[in-house]
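Shown below is the structure under consideration.
Residue numbering begins at 1 within each chain, and the chains themselves are lettered A, B and C in the order written.
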Amino acid sequence: MKKLFSLILICALALSFASCGGGGNKDEKVIYIGVNEPATGESGAGGKQETLGIQYANTVAPTVTINGEEYQVKLVIVDNETDTAKCPSVAQSLVSANCCVVLGAYGSALSIAAGPTFEAAGIPCIGISCTNPQVTLGNSYYFRICFLDTFQGKVLADYAYETLGARNIYCLAELGDDYSVGLVNYFCEEFKKLGGNITASETYPLGTSDFSSYIANAKKANSDCFFAPINIEPAALVIEQSNAQGLGMPLLAGDTWDSNVIATAATGTNLEIAFSTFFYSGANDKTKEFTKGFQDWLKANPDKLTDNGGNDAVAAVSPLGYDSYFVALEAIKLANSADPKAINDALWNVKYTGVTGEVAFDTNGDVDKDAIFMVGIDTATGAFKFITEQGAVD
Amino acid sequence: MKTVLTAFIGNACFCSIFQSLAAFFRANLPYILAGISVGGQYALIAIGYTMVYGILRLVNFAHGDVFMTAGLICFYLSLVMPLYISLPLTAAFTVLLGFTIEKVAYKPLRDAPRTSAMISALGMSYLIQNLALYVTGGLSKQYPQIPFISRSVTIAGATTKMVTIITPPLVIALVAALVVLIKYTKIGMAMRSVADDFDTSRLMGIKIDQVISMTFIIGTFLASIGSMLYFTNYTAIVPTSGAMPGLKAFVAAVFGGIGSIPGAVIGAFIIGISENIIKGLGWTTFSDAFTFALLIMVLIFMPSGLFGEKKTDKV
Amino acid sequence: MDKKKQIIISLVLIIALFAGLWILERMVGTNSMLIVVLKKAVIYALLVASINLLQGFSGLFSLGEAGFMLLGAYTYAIFTIPEAVKGNVYQYYNGGIIHVNLPVWMALILGGLVAAFFAFLIGFVVLKLKSDYLAIATLGFAEIIRAVFQWDALGGITNGSNILRSFPGFKSVLYPFAVVGLCMTAMMLLINSSYGRAYKAIRDDEIAAEAMGINLFKTKLQAFVISSFFAGIGGGLLAMYQLTVKASTFTSGLSDELLLIAVIGGIGSMTGSVIASFLYVAANEWWLRFLDQPAFIGTFQVPLLRSGFRKVVFSVIIMLIVLFYHQGLMGTREFSIAGIFEKLMGLRKKKKAKVSGGGTEK
C-alpha cells in the first residue's frame, strides 16, 4: 500500500518536472493561437462550426511573418464543454500553452466566464459570436468582431413590430444564460418603446426538455409572436414541441438559430421561423467565394463534414470564425511580435475587411455594425431563405 | 323551509365549486395533459426505483441513466434497422444493461455498508453518463419518430401528441400486469418475501440472486418503455437527459411510499401534473425546486409516504 | 518522540513547504499549469476534507456540498465586488442593493458563516433522517438553494441568474495554501479533540454512542454546521480561483465529484482526501488531457483517443476503486510526521508502527 502510494507520488513528481522541462523548442518558429470553443454540451454544434471556420482559415493562411521571419501558426483547440464552471480551467490551459492570442468563444456566458483569466494573464481575446455587451465591457483584453445584443435586440424588436406586425410578444430565455437573458432584456426594452406589449418573459432551467408548458403559456396569453433566442439544442426541442402543440404564431430568434440543427428540426413543420444573423452566403461575391471554398474544404475532409453536422450547409459562425483568425493575424503582423501585450496594443489599430464585413475596434473593443441579416427557414425543404438586411430604425 | 334553503345554498355552493373547478380545468388543460403524460413516464421509471429499494434498500442512482441509455440505444439501432425490430431490441438491450449493472456494481457490495452501495451507484451513474458523452461526441441525438404515437391530436382545444393520450392507459395496463405478476406468481411471492425480510428469506431457501436479478430486469424493462414514450415527446437525447427524470421519479417513489408500486405510480402522476401547473403559474424557476421541497416535506412529515409500509428505518 | 519536538518539526516542514512553493512559483511562472493545478487542487482538498469530516468521521452521508459552496461563493462575491463596477455587474438590477464592501478575508469568513447558518437551519430539519434519505434530502436542499439564488426577485442581491464577476482573486499560490492550511489544521485539531471522538463514536455505533451520553442530534448538527462552514470557505476560494460565480454551476454533479474524490482518498482519512484531491485535479486538468486529443504514432491513429475519453477512463478508475479497493488510497490512516518518524525508528527496532492522527496537512 505505502509502496504503491510512494510510487504514484514519484511518478507524479517526475511527470510534473518532465512537463516543466519540455516547455517548447525555441528553435522552431511556431506561434500559438488558442481556440476556446465548446465542442460538447448545449452549444457543442455551434462551437464546432465556429472552430471549423478557424481551422479552414488556418489551412488558407498557415503562416505569419514577424520581423521578416516566417512563423508557423498552430491552433491550440480546447473544449469548454459549454460549461461556465470549466471555462476558467480551460482558459488557464490556453494561457499555459503559451498562446499569444485566443479566439472565441461561441457563447457570451462562456466568454464572460473565461474573460477574467485572460485579463489576469494579459492575453488578448477575440470574441467571435458572443454578442452580450458584458463580454468586452471593462475588460481591455477582450475584443469582438460581431454585433452587440443591444443592436440585435433593437433590430429584432423593429422587425417584430414593423414587419411581423406583432403587438403582444412572449419571450423565453435560459435561466442563467447571459446571452439569452441579455438579448431578451434589450429586445423587451425596445419593443415596449415601440408601443408593443410583452405578455410574459419566462426562463427555463438548463437541461429542460419539456417545453410544453411554456408553449401553452404563450398561447394562453394570446401572444402573436414567440421570441426565443436560446441555444441550439433547446431550440430544436421548442420547434418540435411548438409544431406538435400547434403554436399558431411566428417564432423569432437571434443569431444562435443559424444552424443546420435548427433547419433539420424545422423541416416538415408548419411553423414560421425568422432569426437574425451575421452572414448570408449569397450577399456578395466575397461571401460566395468563401462559401464555395469552405464547402470544398468540408467535402475534402469527411471528419470536418461530420463536425459540421453531416452536411455542407454554412452556418454564420463559420465565416465569423474565419474572420477572427485573420483579424488575429493582422494584429500579429501589425505588432510585428509574438508578445501578447504587443498584440493587444496592436489590436486597437487593426483595420480589416472580412467576409462578414469591416472590422475596426472602438474604445470598448467592439465593432460597430450597421446592419443585420434577417433569415427565415423554408420548412418544406429545410433551406435558409434570405428575408432582408435590416438596420436599426431610430 | 329551512332544509330547502340550506339544500339550495348547498347546491349553489356545490355548483359554483364545480363550475370554478371546471373553469380551472379548461384553462389549465394543456398543463394537465402535459403533466399526465410526463407523470406516466416518471411512473415507469419510479417503479424501478421503488422495487430495487424495496428489496435491496438501495437508491439506484444509475436508473435514470439507464433510462437515457435506452433512448440512445434506440437511436443507434433505428439507424440500421426498421422500428418494429429496433424497439423490441432496445428493450432487450436495456434489460441486459440493467442486469449487468446489478451483477457488476451492486452484487459484490451486497454485504458492505449501505453507503458503499450508494457510492457505487453514484459512480455507475457517472460512468454511464461519461460513456454516453464519449459515444455521442457530446452532441444531442434526435430520437426517431415512432409512427402513430408521434402524431398531433387536438382534444378540447388543446393540441398535443398522441403519446400523451396513450401514456396513462399504457402505464395502468403495465402496472396491472406487474401487480398480477407479484401477487400470483412464484417469483412474485419470492420478491414480496425478500422485500419483507431479506435475511429470513435467504434462510428459507429463496434464491436471492435470482430475485434481485428479476427485480432489475422488470425495472429496466419498464424504464425502456418509459424512454420510448418520453423521448417521443421530448426528442433530444443528451448524456444528462436521464438525470432529472430519474431524480423526479425517485421523489415520486418516496412520495408514494417507497416499496409500494401503486404508490410510485400515483406519486409520479401527482408530481408530473403539479410541476406543469407550477410552470403554468409562471413559477418556472422553481419547477424543479418544488419537487425537492415536496420530497423534504414528505420525508419529514410523512416518512412512509402515501402507501408505504409503516415500519421503515428512515427515521 | 515528544510533543514539543513534533511541533517544531511540523513548523519547519510547513515553512519549508511555503518557501518551496514561493521558489517554485518564481521558477515556473504564475501561469504555468503546475501552479494552476496546485491552486485548484488545494481548494479541492479543503472541500473534499469537509465532506470527509461528515462522511468519514461522523457517518453522515450528505450530497449537499454544492449548496453550501454556493452560499460561500456568493457571499464572498457579493461583498467584494468593488462599488465602481457594481453598475456593470448588476446591469439589470440598477447596480444591486448591497453597497457594503468587505476586505477579502472578512468576506471569506462571512461566506463560511452564512453557509454554517444555513446548515444549522437545514440540519435542524434533516438530520433526523438516516443514510440514503439524509443524502437525498441534502441534495434536495442544495437544489432548492440553487433555485432561490437564481430567482429574479432576489436580483438586487444575487444578480438573478446572471454571472457575478469583477471581484478580487488571488495572484499567488501561497494565498490558497495559507487559507486551506489554517482550515485543515483547525479540522485536524477538531478531529483529535473530544468532539472528534464523539463524531467517530456516532459513526461507529449510534446506539452505543447515545448510551455513552453523547447527545446524538446536537453532535450531528455540530458536525454538519462545521463541515458546511469549511465548505463555504472552500466555495469562496473557488470563486477567487475562477474569478466568476454563477449559481447554475453548483450542481449536484459537483457534490458527487467531490464525494468520489473523498472515496478515492479513503473515507475517514484527511490526508487521504488531500492526496486524492491533488492527484485528481492534476490528472483531470493536466496529465490525462492527452486522452482527449487524437494521437498518431507515425500514420497509425491510436484508437479510442478522442474528446470525452479522459472522463471514461476516470469513471472506470473510480468504479474499480469503489468495487475492489474500498479503502481508497489511505483507508482510515493518516500520514503524519510522527508516523514517519516512528516508522523509521520502527524499522530499526523491528517494531510495527501504528500510525494515527496528529499530523500536519501533507
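Assume a residue touches a chain if its C-beta (ideal position, glycine included) is under 8 Å from a C-beta of that chain, and two chains touch if they have at least 3 such contacts.
Since we're looking at a predicted model, the values are computed, not measured.
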Between chain B and chain C, the fewest steps along chains that touch one another: 1
Identity of the chain that, by mean CA position, is farthest from chain B: A
Between chain C and chain A, distance of the C-alpha-averaged centres to the nearest whole Å: 34
Where chain A and chain B are represented by their mean Cα positions, the distance between them in whole Å: 38
For chain B, residues contacting two or more additional chains: 133, 137-138, 285, 288
Chain C residues counted as touching two or more neighbouring chains: 147, 150, 161, 307-308
For chain A, residues contacting two or more additional chains: 39-40, 79, 175, 203, 205
Chain B residues within the chain C interface of the complex: 57-59, 104-105, 108-109, 112, 114-116, 118-120, 122-127, 130-131, 133-134, 137-138, 247, 250-251, 254, 285-286, 288-289, 292-293, 295-296, 299-300, 313-315
List of chain A residues in touch with chain C within their complex: 1, 5, 8, 12, 15-16, 19-20, 39-40, 79, 83-85, 87-89, 92-93, 95-96, 109, 112-113, 115-117, 120-121, 134, 137-138, 175-178, 181, 185, 203, 205-206
Residue ranges of chain C touching chain A (in the complex, touch as defined): 28, 31-34, 36, 40, 85, 88, 91-92, 147, 150, 160-163, 165-166, 169, 171, 241-244, 246-249, 254, 275, 278-279, 282, 285-287, 289, 292, 307-308, 329-331
Touching residues on chain A, where the partner in the complex is chain B: 39-42, 44-45, 48, 79, 81, 175, 200, 202-205, 207, 209-210, 212-217, 219-220, 233, 236-237, 240-241, 243-246, 264-265
Residue ranges of chain C in contact with chain B within the complex: 55, 61, 125-126, 128-133, 135-137, 139-141, 143-144, 146-148, 150-152, 161, 256, 259-260, 263, 306-309, 311-312, 314-316, 318-319, 322-323, 326
